[in-house]
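Two complexes come next, and they have one chain in common, chain A, joined by chain B in the first and chain C in the second.
Showing the complex of A and B:
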């Protein structure tokens, strides 16, 4: 059927074309990584160590949400831990006071994250760059004090404990595996959703705000709306990571969620993997966890000071070798392999158009 | 009714009066030029009209509707669009995506015919200014002349009722200037109303029917290019007083 074929051809050309506009990388890489991650529990590793990867999956969600906010919209956040904590405390408080099942408390805790994101987003309307970064850094510190002060509600240092498990009926090892797969699924779904947003027309507006706010205003873009939208999306997924961590891993919500390390790990992961790429933070997080928690602690039993020193050196070497991120370097390699065919197709499309006119 | 009415607009920066009691009107279909020496307040005037600066006193009306003090994006959505003296492209985005940003605004979205995809529309806009070759290049790789044209195309993507062009020929070589003059003329034939601030008087005089002259924040003369060229006050401002 010639007509059918023509439609197919146009659709394909259009996809190629939009792929270039919205900067969509090859999907094969993502699929490959997913397959590897899904196979890990069957690879014969010590299942007790599976928790590290579960934590990595959840941290990856936080890192990706950080990248959407900072790498795409340019609103620097040094206090992303606050969304992590918002999710955990949101679900914990609902459990403590209403005793609702987790299938209700986790989704509601996301609203808590969104609310927190909007509160933090308001200063972003008046401040930029380093000033905004300082304000966002101050938020977790202030909230920590807040949690200690209202001890009756938030439980002070120990926090709210004994949160229900997601899979209470399974045996210990099976639960580890189930937790791992659930976290993997959450990671995959969240990154796909964030990815879809970042490579949509809305995502393009985010980048325009990063590049030139005044220019975006001149284009009639309501910058306020898009900035808050970016904060809200970031907060939503950040708090999802937090509440999932509370139920899957530690079973409690405590002020340790607000640790500065929880704000810093997403940043390290994103810079390792490639800022503003969305897939970069995923690559970065797994490298971080494998290196820090597995290689330095299990394979080479080093003391903690040496660990940190070695880790910093390795990160520096990575950043010097791939200043734009490892993830981006890999994807650019893959794109180089694919390039010739796509250019040909676009040229064909142009030739066809020239014939018509 | 005039398309744009500026009434007694005044802006002070500390002790300096950058724009002093400026009033003028622009009618539909006109091209108006604004000239004046450096520091005369032309760009400040643009910033006041488009909402980038808040005026101390005075009013701006678009089709009789008071738009004084509205934020820039709202003014752009009402159809009063500007370009910048120093280009402001979105450097990380492909050229075509620069246009897509404008099409993503409230006004831009309403202007797209339902049958067209925004990408197709953006492609057409780029073809109009001759940038379809570099459609997928990131804007940071474009030459200065191309960026100027991109800025123009981005403004036109909102299908404005009135365009304020801030030094459209600044930094362009003679060939690019000629090209720019042609595209402005074409836009004028399409029925667009324009106000142009410019230093290159030769290029400007080819385009406009009416010129306003600013000096130290005040309007000192108004008239056709020929009248302005004969005006003693204007010659004094540009060349100094004859002894």
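Showing the complex of A and C:
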């Protein structure tokens, strides 16, 4: 009997896989990329370099949350680093004052991120476009001053150090691999959740706010609620990335989380991948990290400032010439592949119906 | 204490207003938030510093006092040219795409930051020295003030006067006003939008350079590559206090910000650490209390 049950479940899983993933080329591609990413630790690369991909996984979460807020709801945020820092300082402060274990502090730090999102979101509800961009850019910089001023609580420049590791019992190399898989799992789960939100009814309301806020209001949509909801979801996942980064990578929470680079990398990634697509930022983040590490640092003998310069020029070109991004171009190609077959099937069905009648 | 608040508040207020002037000019004419303003602030100050060293070798010792003037004019013109070329190559092609312009102009800031880093060698990390416009100390109202600071305040006040004369009296200035009032009607009257937008950006970059030189020579004494963020922060604050796109509001916003800042410095102990984030705190407070700036809605250029 158990064998029978097992075969039944396997068959069910297989049919689910073929109908929901294999038959949809973009999803199949995403699945293949996920498999490749999961196989990376066994590909014989230097395990010390795995840290880059771990960082990329976590930054991808931040980039996707940025895309939900900006690309889907149209609320321009130039200070997404604040959610990153909110997550990191949330876990760090809970650890410092209460000494709670990780599986309590990380979920509570997500609440911290949501709270920060509401703190930013409520005053910015009355603003649009450039004003909103300015105030979101101002928040991280204003809070940096507070982190330095209240030195006793936040630890000043060095921040709060010696946070506990997620896998303390493993050896160094095994821990690297475990961290990588944990970050990959977090990335996959949170991007699937955000994609589901973006394609659900709530997500459609978000797009309606982006397209025509007045029209959405006229249709009886509570715009305030949905704008705040978008901020809160974005803050939740942004702070997840931050707290995971604090525990998996550096083991500390410091004002460097609020660096302007942490706000700009999600933007770069989203622009490279395609804004407003949710999968775009994922593509963009990996392109950003891999190009940064392997093309600019190893292939080309350039110093760091020139690398950054080249990268920004590439992004500038993308904004001007190809604002739709790489990810969207790939997916549109794949969807084109899918289309002719469907049309043929539809024509066959029509022919059968015609024969019957 | 009150004297020092009033004097230093006026001086820094006028300089802050000048920093925001180019930013608000571009917004008033084209409705575009051009963040590259911060980059030209830094680039202008660097060009001025380099030119100052370069020119002092060639000018005869009798006219040495003319070097800052010559360097200031040359650097403003050069920055204006760089600014307009950069604008035509990048931002002009994506006019109307709000998110695109914000991101492209931030990329522009980073491009110039890195270019300065590359051309200047190791100097940017330490800060590039900008000497004061004029040495010496003057005593006004029992307060010791650097002569360079007074000169900077006077220059910025004169710049405001010249710019409003330019907008009200010359043909190009009137065309700018027309563009800010009604784009399509202005186009029907035969105004070339492209030409005027480029002119506006050039003027705004020149103003950014001027304000960069004045700010770095009087307030900080040196310029570093990361200062574009500082200048943007100041211009945001001033513009939000006075309203985006209005020139009168900019002076008012600058003065309010200057007085507020000098009052904070004079009254709160150890304000140095908070001072960096002071503009942002003001921005956030203003936006929470009055989301469209202190003086109501977007004002046409006045």
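As a working rule, the second predicted complex is superposed on the first by the 302 of 357 C-alpha atoms of A that agree within 3 Å, B and C clash if a C-alpha of one lies under 4 Å from a C-alpha of the other, contacts with A are read in each partner's own complex, and residues count from 1 in each chain.
The definition used in the following text is that a residue touches a chain if its C-beta (ideal position, glycine included) is under 8 Å from a C-beta of that chain, and two chains touch if they have at least 3 such contacts.
Fair warning: this is a prediction, and the values are worked out from it, not measured in the lab.
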**OP:** May I ask you to name which of chain B and chain C touches more residues of chain A?
**Re:** C
Original post:
Of the partners chain B and chain C, which touch A:212 in the superposed model: first, second, both, neither?
Top reply: first
Original post:
Which partner does A:201 contact after superposing on A: first (chain B), second (chain C), both, neither?
Top reply: first
Subject >> Touched partner set for A:329, first chain B, second chain C, both or neither >> reply: neither
**OP:** In the overlay, answer first, second, both or neither for which of chain B and chain C A:143 touches.
**Re:** second
Original post:
When the two structures are overlaid on chain A, which partner does A:312 contact: first (chain B), second (chain C), both, or neither?
Top reply: second
**OP:** Return first, second, both or neither, reflecting whether A:221 touches chain B, chain C, both chains, or no partner chain.
**Re:** first
**OP:** Within their complex, state which residues of chain A touch chain C.
**Re:** 70, 76, 78, 123-124, 126-127, 129-131, 133-135, 137-139, 141-146, 148-149, 260, 264, 267, 271, 275, 305-306, 308-309, 312-313, 315-316, 319-320, 323
Original post:
In their shared complex, at which residues does chain B touch chain A?
Top reply: 50, 52, 71-73, 76-77, 81-84, 88-94, 96-98, 100-102, 104-108, 118-119, 136, 154-155, 157-158
Original post:
Which chain C residues qualify as touching chain A in the complex?
Top reply: 27, 33, 90, 93-94, 97-100, 102-104, 106-108, 110-111, 114-115, 117-118, 229, 232-233, 236, 240, 244, 273-281, 283-284, 287-288, 291-292
Subject >> Touching residues on chain A, where the partner in the complex is chain B >> reply: 14, 17-18, 20-23, 201-202, 204-205, 207-208, 210-212, 214-223, 276
